[in-house]
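Next come two complexes, and both contain chain A; in the first it sits with chain B, in the second with chain C.
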Partner chain A sequence: MANTVIGSSIVIDGEISGDEPLTIQGTVKGKISMAQNVVIDSGATVEADVEGQTVTVSGKLTGNVSAREKLELRPESKMVGNAKAPRIVVADGASFKGNVDMDV
Partner chain B sequence: MASEDPCIIGSKITVRGHISGKQDLVVEGHIEGHVSLDSQLVVEESATVEADVEATTATVRGEVRGPISATRSMVLESTAKVAGKLTAPSITIEDGARFSGEIEMDVELPAGLTAGSR
Partner chain C sequence: MADKETVIGPETRISGEIRGDEDLVIKGRVDGKITLSQTLTVDKGGIVQADVDVKMLVVSGTLVGNIVASEVVQLLSTARVVGDLAAPRVLMESGAAYRGRVDMGDIEAARAAVASHVVAKPATESVHSRPAPPRMAAPPKSVAVAPKVAMKPPLAAPAPSAPPAFPRVSGAVSGSAPAWAKKKIRRR
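And then the complex of A and B:
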């Protein structure tokens, strides 16, 4: 299955939705609503509310995240916003500001 | 590196809004809104695009509703279904392609040539 990659020199202003893994290397503003995994690569800038099965952040993310399975903030990631997921991993070196809701 | 690989909007993806950039874009899914690229665009057979489209070259194998403008060239391949206005210096419509709309080929002629000499 083709993996959707929003490349580093692509800017999307709007809404992305679908049922396929999504990797973002560029800039997305708006809303991301996926049934599968979302990866925000290092170098990516996302200003959007993000919904996915698992959400993995290595880049910069401003917005609320809702992951059905897991949210992972990698070492170089910067996230500002509220996080909602049953499992949340914040790596050493990640920057995060916001509320965490693990649904306990 | 990433910038050499085309950006792919997969067949189960919907993008609503504005897409811009300098990277080649392959659309297999659904796009609504505006696409404005400094690079090549390919609309695959599975794709449906309802958008204003601008690119350097555009290759259409799928469905596009909306004006398409290419600064270099445009090809509607045999599986294409297009409704809208096409603007490009060079436009190819293959046998089997379905198109309704207006075509404008605005050719910039080299110095010394006039439109009558073509």
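And then the complex of A and C:
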């Protein structure tokens, strides 16, 4: 399966875009705009606006999220920024600060 | 850790800077700058337009930009690379397309080593170098011929100038093998 993985010791400063699943374990600053699922693993640090089909956060995310399908904040996640998605799941233990827009 | 490799998939594009301490495989597209302490692989189909500073670089795809590798650069048969390349070891497979300058680093040191070797030779092989000059020593023979030339009236004028020339040559030869050896060194 075509897949993009940004490993734990990688730092990207810039823009990531594309049409395949993206997993981030390292650090990304800038902008992420994918046509498919974006996973921010535990240990990852993202300072970027994120756009994806579904966005799953287990790590640290600072920036606005726009998910076409679903945004999921896992137990250990920390997110600061505005969330825009038709469905948003916030697990127990997740910390979140920002506006929520479910398009209602 | 299992996550010791980063993959930029074929449908992904990154513009900006990538830094890191693990292997990176690019199957998609990266524009910007890449700094890695490990191996960068640009897979077949991968397009990279970036200055690259890595430990090892393996290219099967397309790379445009200046390359600095601390260990080795491998351009495989499907590679297309444009840009200056600096690495102590460079491997190019048949079929690889490359345009740019290659710098394998301490060539000056290697050159100096060769030069000092050459300098050492005359000292140790001066006996050998004497037989070598016969090419130059040949003129003395022609000095003997020169009189014949001198006998020819039309060439009488050049003849006088010729004999002095030969002694000079032979003088240089007897003067030393090191003399011509030194000339060689100077040429390098």
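In this text, the second predicted complex is superposed on the first by the 104 of 104 C-alpha atoms of A that agree within 3 Å, B and C clash if a C-alpha of one lies under 4 Å from a C-alpha of the other, contacts with A are read in each partner's own complex, and residues count from 1 in each chain.
Throughout what follows, a contact is a pair of C-beta atoms (placed from the backbone, for glycine too) under 8 Å apart; a residue touches a chain by one contact, two chains touch by 3 or more.
Because the structure is predicted, anything quoted here is derived from the model rather than measured.
*Asks:* Pick one for A:69: touches chain B only (first), chain C only (second), both, or neither.
*Replies:* Neither partner.
*Asks:* On the A-aligned overlay, A:15 touches which partner chain: chain B = first, chain C = second, or both, or neither?
*Replies:* The answer is both, since A:15 touches chain B and chain C.
*Asks:* With the two structures laid over each other on chain A, which partner does A:30 touch: chain B (first), chain C (second), both, or neither?
*Replies:* The answer is both, since A:30 touches chain B and chain C.
*Asks:* State whether A:3 touches chain B only (first), chain C only (second), both chains, or neither.
*Replies:* Both partners, chain B and chain C.
*Asks:* If I apply the document's touch criterion, which positions on chain A are contacted by chain B in one structure and by chain C in the other?
*Replies:* 2-20, 22, 25-26, 30
*Asks:* Inside the complex, what are the residues of chain B that reach chain A?
*Replies:* For this pair, the touching residues of chain B are 2-3, 5-23, 25, 28-29, 33.
*Asks:* Could you pull out which chain A residues touch chain B in their complex?
*Replies:* 1-20, 22, 25-26, 30
*Asks:* Could you please specify the touching residues of chain C with respect to chain A in the complex?
*Replies:* Of all residues in chain C, those touching chain A are 1, 3-22, 24, 27-28, 32.
*Asks:* Considering the complex alone, what residue numbers of chain A touch chain C?
*Replies:* Interface residues on the chain A side: 2-22, 25-26, 30, 34.
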